[in-house]
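Residue numbering begins at 1 within each chain, and the chains themselves are lettered A, B, C, D, E, F and G in the order written.
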């Protein structure tokens, strides 16, 4: 729970108001995430439940957009088949920078239950587009998706805007320092 | 130069440039959209000429009505799914002759306008032009006004009748 | 004409009815459970409910390496190696008191593949593999195989592939060595036995 | 003109004052847009037993700010297939159309940016500029969805302008003015003096009240259609056309469209308030009236109208294109003509 | 030099000749219509300019109002005809539409 | 009507076209028929007044090793009886008449069978792949199918 | 197989005033990854060609590689909205092959679960149908109630969506003590919200205008296309497998089969298909009430679960059951081993979707979305 409590506090790490411009910009981006929901299969239903009143995904400042141009991150929920894979690539390319990808559920992580005999299933969405956060589960609970969202917000918050380093490396480096 | 002069030259430039785009552009959609700026400029001139009712009417009728109609007309009569909508002109010689003709007319008109001694009355401080126009329309020009209403009605019915698919 | 007026009236009236309902809901208490602060009650097997099927947990002190879970898994996400216990040399026991038949030097579950169907838990004879109520382990990397225990370093990004072993490298080496020795010993004994009683064995085979 | 503007009184009539006057609504617009976005998010959430944005500042109040910061940073994509000059120009034209209307909105008895005599007429005129911008953007994006969205949007806008204009025209007849300040002044007193309830007058006006109420309703519906709000959000109906005419827009250009939509919401609300609901007049006679209270009442009433717009949005399903046209041409138009007729009759008799 | 009547007249002359050029040269029927609108606008500028400077007073503006009404009616009818022509001939090139029967 | 009665009716009408009738628990009773006669048999099943099989519940392909099988599960709303019709075609020339024009629902079922098993239904209007992409190679539900290594530059195996 | 060429040819030959729109595969209202190739003339739909297979997950291939119990998780993932109802025909088929008789209590729990899941499914169906029409709020009211049903199911099975609860010969887990009370509470809430949504959405004038007289499906066409479930019943055909081909213990309950009556428009339009779902929720509530009253308290739910599952060689069966969307059938062929030789799923949505090109011709583009929504498809079942 330690992790989550820290993430929950928006004024963590020196406070945004007094912080640097980078912090402010990152704060804005992390708190206002418009997403393109790429609903494919079972996970999409749980994702709909996540949008519903009990979980209320909009608490995180997320707003669904149907156009990839306006989306900040794309949520891939479900099994990606080979017939579908090209479309995801196109959609991802249409999104405007900065863009992120959350892969939700076993299927989009690695093919899930279909990884062994699924001749028509793409085994892992990361074979065609880079993935920022993997959420496991088949389907994941809505809370697990929320946790993935918090992880993504954390990633955006800790992103270095100006020195151009790869963000995952940056994060890893920070973690290495912490541990 | 005072504010009015500045505004006039700005509007004049807007009108001339946008009208030139209307006339010379190869892309008919550019022509259509550029027409908006011409209408705008003319409306601006009306404001400078103390005709604010006319200016607003110009915007309302020309931009809100005619221009939308024209754009719809372009879209319905041209393959619009591509962005390069071309419109051809005549051959070079004809264009040359037409250009010459237009230039001659323009120059002669300008010469005539600037050389004529117009009977100028002092620019009146116009009151509420809306009220004045309304009074005129319903007194001196009542017949013309009614005729115009009938014309509009006929135009609506006629347009709907013609454009309807058989 | 009557229909025309009626349809206008119906339109207005039904819109008003709908507006009344939404307005009433404006003042109803919200049902949202704000996740990181509050949590949903997840069934945890008490009070007769089923265990929520989230992440699997394995008690290595109970696991006997019978591989039933691996066989029952429809998606084959459980991979384990076993190492025979050198019977006679060592007599380890499981947590529940039974005799241990095998060491498990590697036991990995790939949660990226797991479909959380619960079939592995139902076949486990010792209840070593169990579902937990924990679901928060999304990560930035898929394949980061890190051999950590479950409980420490919670905020470390462990990836989705988990290794459950509680034996250190040295211990595994030791076990392997013991087993190899034991096997060699056994083989030697067997060889000695076959040399001693070849007839008896051939008889047994023919029967 | 000048006497209705306290800034001219204070600072005199010079260029700086003019700039200041024209900048004031922009400042208001920014604050208002932030509030309206938050309101939209929160009210929809409460109606659905949710909580809405909660994690940005206290109870999520900083959410619109975060969105603005985000939108500034977003990459501004111009699609390769698009017609670049028009594509880049369109959002500004749409925004200009929305912002130009603010020039005549009377915020208070002593503040109206420009109190021209043709206020209402002017608002209707500049409203049509947005249509051109929309069709420009929709066409220049070179996408079937945007084009369809733009065509629908313009068709809807120009057909609903007529019943809306009829409703406003009735008010012009009642108040015998197109100046928004004059119209406001004509409704001074208690709330039964509002044109929604037939305007000032004695018991004779009772029979005209149904017609003026009907006109209010007609204008409300027509204004919803003009601002593309549910149930008339067909141009951007996400279940059919992905996001309507602004599908291809991203970043700041999209923000301009977004901003213009919210600005338009306020404009139609302001016109409704001015024409039918007494503008900056206090509903309770001279109680709590005055220049500052006037601004409060005006903005408060406008916000109430915007709340109704939001309320309707989260209640109703969406109409279909032909039903929308049916409603506009065959119901609103004749009804508005009838109402106009009776209101003129009333005006003639008195 | 202050802005006087001549300035407006010059603008209107330029606009007029541009419109004329478009009417003569362009083949697309809608573009011809646009040229026509330019010509009408130039005429309107004259009316309004004379209303202010030439002593025509408010009558000039009234005339302009009628021109605008005419322009609206003309645009509606003309575009309806263009649409009809397009449906029958599948072209809107004014030079190609030369037979009386369809 | 019971399954053996249906069999009798069909046997009377088609003689040699009807190969076998089998009824043994727990399986459903079925009638095996000649593949070339399938359209006529189905036509009779649908239109004769005492059978009236107006509802094709399911049409499945099967891989029987050397041959491919097609199974029709029929149901009648009027008489509330059902029957299973089976037929087999050789793997090399898997051609048989389509029943799409009798029951429109067979359209997609047959396309699916073609897609996954490679059966050719003659007389089908639009026999193209339905589930898999149009440029997919092979018929994946056959038992001897090997999944491809690569499709459009994407690796298929895990 | 020159399909791509054929399509290209069609594109090149198309009339200039007809536009071809590609709706999907990723489109907000195709209910998943369906691609519709739509030819529109202005706003009128002249042709619809559904392209499916974007979620083809090789279910039937997997079944051949799995043992009988291992198939159940895959069966769940067919129609992932009503997983309980999916499991049922499959386990019934295998039980019939193995000739197992399941205990009384198991049957009751199965009925309750299936009906609860039917309610949950119809809630999603009506909610997304409203969403297609542009009404967002009823969507959330339904999802709020669905959550209460999912809680019950989660407490019984451990999962929220894909339950793996019906096992061959029994159930995965017994119900918990307060089960009955919570079920009754949940259906009370369901009824309350249904009454509310009836006023808020179903009888709203705009909604009626949008959905009545749209996508009319005549009964004979529906039968020829083998439509089933609410899609068929919306056309006025009173046919429900629970009554007409009764299975399990449905003959013990008293319930009606709601059919479309053409109340506000023509018989068989979108509104009728939708109202059938609303009424069916009420009927399910009735069944649940009766089942809860009759259900025995004692009994082991796992007693009939066999240790070895080897149906006789060559045995085959086609078992169907009334899925919320219609008839879901499983054709199971055994080869005498632990693994089935062939399992064919007769997807309800697959069959129901095939009627879409017929019923959507001549309506407007916006109606196409609603017609698609009224069929209530799940792409997991269409593509399998």
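By our rule, a contact is a pair of C-beta atoms (placed from the backbone, for glycine too) under 8 Å apart; a residue touches a chain by one contact, two chains touch by 3 or more.
A quick note: this is a predicted structure, and the numbers were derived from the prediction, not measured.
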- [ ] Figure out the least number of contact steps between chain A and chain B, where 1 means they touch directly.
- [x] 2
Open item on the list: Hopping along touching chains only, can you work out the least number of steps from chain A to chain C?
Closed with: 1
- [ ] Could you work out which chain's C-alpha centre is the most distant one from the centre of chain C?
- [x] E
TODO: Please report how many Å separate the Cα centroid of chain F from that of chain G, as a whole number.
DONE: 24
Task: Length of the line joining the C-alpha centres of chain D and chain F, rounded to whole Å - done: 62
- [ ] Please work out the Cα centroid separation of chain C and chain G, and write it as a whole number of Å.
- [x] 31
- [ ] Enumerate the residues of chain C that touch no fewer than two other chains.
- [x] 15, 18, 21-22, 25, 30-32, 34, 74, 115-116
- [ ] Identify all positions of chain G at which a residue touches two or more other chains, and write them in rising order.
- [x] 16, 19, 28, 53, 56, 58, 61, 73-74, 137, 140-141, 144, 162, 200-201, 204, 206, 383
Task: Junction residues of chain E - those touching two or more other chains - done: none
Open item on the list: Dump the list of chain pairs that touch, please.
Closed with: A-C, A-D, A-F, A-G, B-D, B-E, C-D, C-G, D-G, F-G
Task: chain D residues touching chain C - in the complex, by the definition given at the top - done: 43, 45-51, 54, 311-312, 314-316, 331, 335
TODO: Sort out for me which residues of chain D touch chain G in the complex.
DONE: 44, 47-50, 144, 230-231, 233-234, 237-240, 242, 314-323
Open item on the list: Per the contact definition, I'd like the list of chain D residues that touch chain B in the complex.
Closed with: 81-83, 85-86, 116-118, 121-122, 124-129, 131-132, 135-136, 139-140, 142, 144, 147, 151, 154, 158, 161, 178
- [ ] State the interface residues of chain G toward chain F in the complex, per the touch definition above.
- [x] 1, 3-4, 52-53, 56, 58, 60-61, 64, 96-99, 221, 223-226, 237, 239, 244-245, 311-312, 314-318, 320, 327, 329, 331, 333, 342, 344, 346, 350-351, 354, 383-384
TODO: Flag every residue of chain F that touches chain G in the complex, lowest number first.
DONE: 25-28, 54-58, 60-63, 71, 73, 77, 80, 84, 103-105, 107-108, 116, 128-135, 140-141, 143
